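A single structure is presented below for examination.
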């Protein structure tokens, strides 16, 4: 059974068909990448899957359950998590607190017991703190735990967001252009982080522009152009697909590329 | 526990306030000051409620005096028309405020920014209009007399009694607030303040949490309103007026959004200063306006966080 | 005969006729016209306040809660200047100039220093300003109600059984002239184009050399002038006092929301519509809750059609 399945998803904004009739299926424990030129609808597709937009057509399935149109927090409770292209961190909280919030799904004290700060709440705080600390250690941010998140460098912010998303122990993690704005060293680290995630059993859906990262880390690649599916396959298959090359470079550019590669 | 741990304990501010509460009367030159103290603690309780909503959860309420009014008139109407003992009316008012906050909050809290601000403003004014118009129940624009509190046969009236009742209730309110802040709910509210969309993606039911804090803050204001009515033994509709709501927000802004002690500081400043500088009575509105403008332009974080930041800079 | 206060406008129910059997019959058409006219009159004031809101909001993104105080200042300043012996037309002119000056000061000293602050912070600043102006008015003027002599006399004009105050016509005409003038400036002059550009994209406007600061000055000044004129025109009908500003600001905002925040035409339509709704509900339902109509309108718009009648949709990008 596929851990995430999308069937003929469509949405239009005021006449512009942002995503049109897209279907894909993600198998468990894989890195599934979605690529495409600017404006292809990648982020819109992510927003559709993660419940931020409701599709006008089509279905989304998480495991065996139809989750089409469910609100984001309900999807999160079912094991779907995501990071954001423009970083949606809690900048006024500390680095550690950010990851602690990520543990929300696994916290069990009621609002009433929180108000009264019963012993269960102290225990919960401790558990959450410990889990968050080890989450930070995994992405190499343990030393910066008590700093306000807003004071971190950009590359660290990206790692923090991933740590926060991982803290909720998702089954599927959607990464929205995590390498955007990262230098080659940071992108290399990202590669490592993604691989270790997969080893821990998280299925990764990666939306990315950085082709090296995509080609290196993906098990399967789905290409979007103009809101529609252009191609899907392994890295090698997609790389040699002339339609894909054309979509990125244009007809003229791909002819140039063909000439360049002899 | 080491000295350091004691100072940093979650409830350390409570100890400080409790000490102040106990020792302050020793400084009072006359019993009149009990009244000022009572008013400060009562309004600090209300502004603490507003602070939870605005400072922590990042929402805005420009109509919170509406709940002040509901709590106040609950006591007045309960005693005069329903023959209920005042302590029951206080609870009744708090429940009614909570219920109204629950019903009104559901749709209103979906709004953001100036829409939320104006919607809450409208709510506050609506309450004031109802209280002014339904004269059969509320006594109309001239208000109602409120019989004093009687507990287990003991009459509790006058500034001295309400200094202690108000002060202790505020301390309890502080404890609950500080508990909430240092708990999963507190972190959740803080997260919602910083990024709603990220909060949702982590499984947080944003709408529900906003509603919960709105209801809690309404209850705080309602209890404060009930106390106010019992202290003054008189209540008029302007207890829930626009100016009152802005005063509450001003107390929060002054003291420091997100600072529990700041609620007390803000309330103290806005109540004590006009009393001391009686010439300012005439200029009260002008001063309030300048205070709100000044702090929102130049010192948005408020006094207590401002001092804390300055102290932090001095130490380094 | 009893005088009824409908929509803040005093009017004698001339539509009541005594029939042959001595019973009073109310002519529904005349009653309707009466309410409609008083509704349009206050609606014109709301429309001008809403227009002022929209101007400032479009140019700077600020919801100026002090808008209502400009109306108050126009009326009160004129009254007190006239009481001090200044001839009425001059008093009115000075009152408008004072309002404009205060509007500019509001922008330069309260709004500009807080550039970039959140929407709530900005609205709080304007609320602080409105309270300050109210408090100052309390002291500089006084706390009583005041009136001004109507422009065309006080005898009601009979129209189809309804009695209409000539000042109502003055208010409506004045509003129409102001709206037309403003439309002319915005649509036909270079300055108007600059205002539109600033409203559309402030940074882009600056990049093409528009002094956006002056444009926002202009919007504050014009809004103040519009408000002040509205106040002067309507005082003979509704009277004025130091605290009329708050409710007016809220109702103007309701009107702007009803028409669609950001649309000048919508603001005028919304304001007029709100005035009518208020007058009809006060006349046919209950005049006690007249002021509540505006709030109910705000809530209804927010939840049923957030864009208002003529507003533009807003998409939030993640």
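Letters are used for the chains, namely A, B and C, taken in the order the chains are written, and counting of residues starts over at 1 for each.
The rule is short, and it goes like this: a contact is a pair of C-beta atoms (placed from the backbone, for glycine too) under 8 Å apart; a residue touches a chain by one contact, two chains touch by 3 or more.
This is a predicted model, so every value here is computed, not measured.
Geometrically, the chain at the heart of the complex, using CA-atom means, is B. Taking the CA centroid of subunit A as reference, the farthest chain centroid is that of C. Between the Cα centres of subunit B and subunit C there is a gap of 33 Å.
Subunit A and subunit C have CA centres that are 50 Å apart. Separating the centre of subunit A from that of subunit B, both taken as means of CA atoms, is a distance of 42 Å. Residues of subunit B in contact with at least two other chains: 197. Chain contacts: subunit C has residues 318 touching two or more partner chains.
Residue positions of subunit A touching 2 or more other chains, listed in rising order: 52, 84. For subunit B in complex with subunit A, the residues that touch the partner chain are 10, 176, 179-180, 182-188, 190-191, 193-195, 197-206, 212.
Those residues of subunit A that touch subunit B in the shared complex are 50-52, 71-73, 76-77, 81-82, 84, 88-93, 97, 100-102, 104-105, 107, 109, 111, 114-117, 121, 124-125, 128, 164-165, 168. Within the complex, the subunit C residues that touch subunit B are 63, 110, 113-114, 117-125, 127-136, 138-139, 246, 250, 253, 257, 288-289, 291-292, 294-295, 298-299, 302-303, 306, 318. Of all residues in subunit B, those touching subunit C in their complex are 60, 62, 107, 111, 113-119, 121-123, 125-126, 129, 133, 197, 242-243, 246, 249, 253, 282-294, 296-298, 300.
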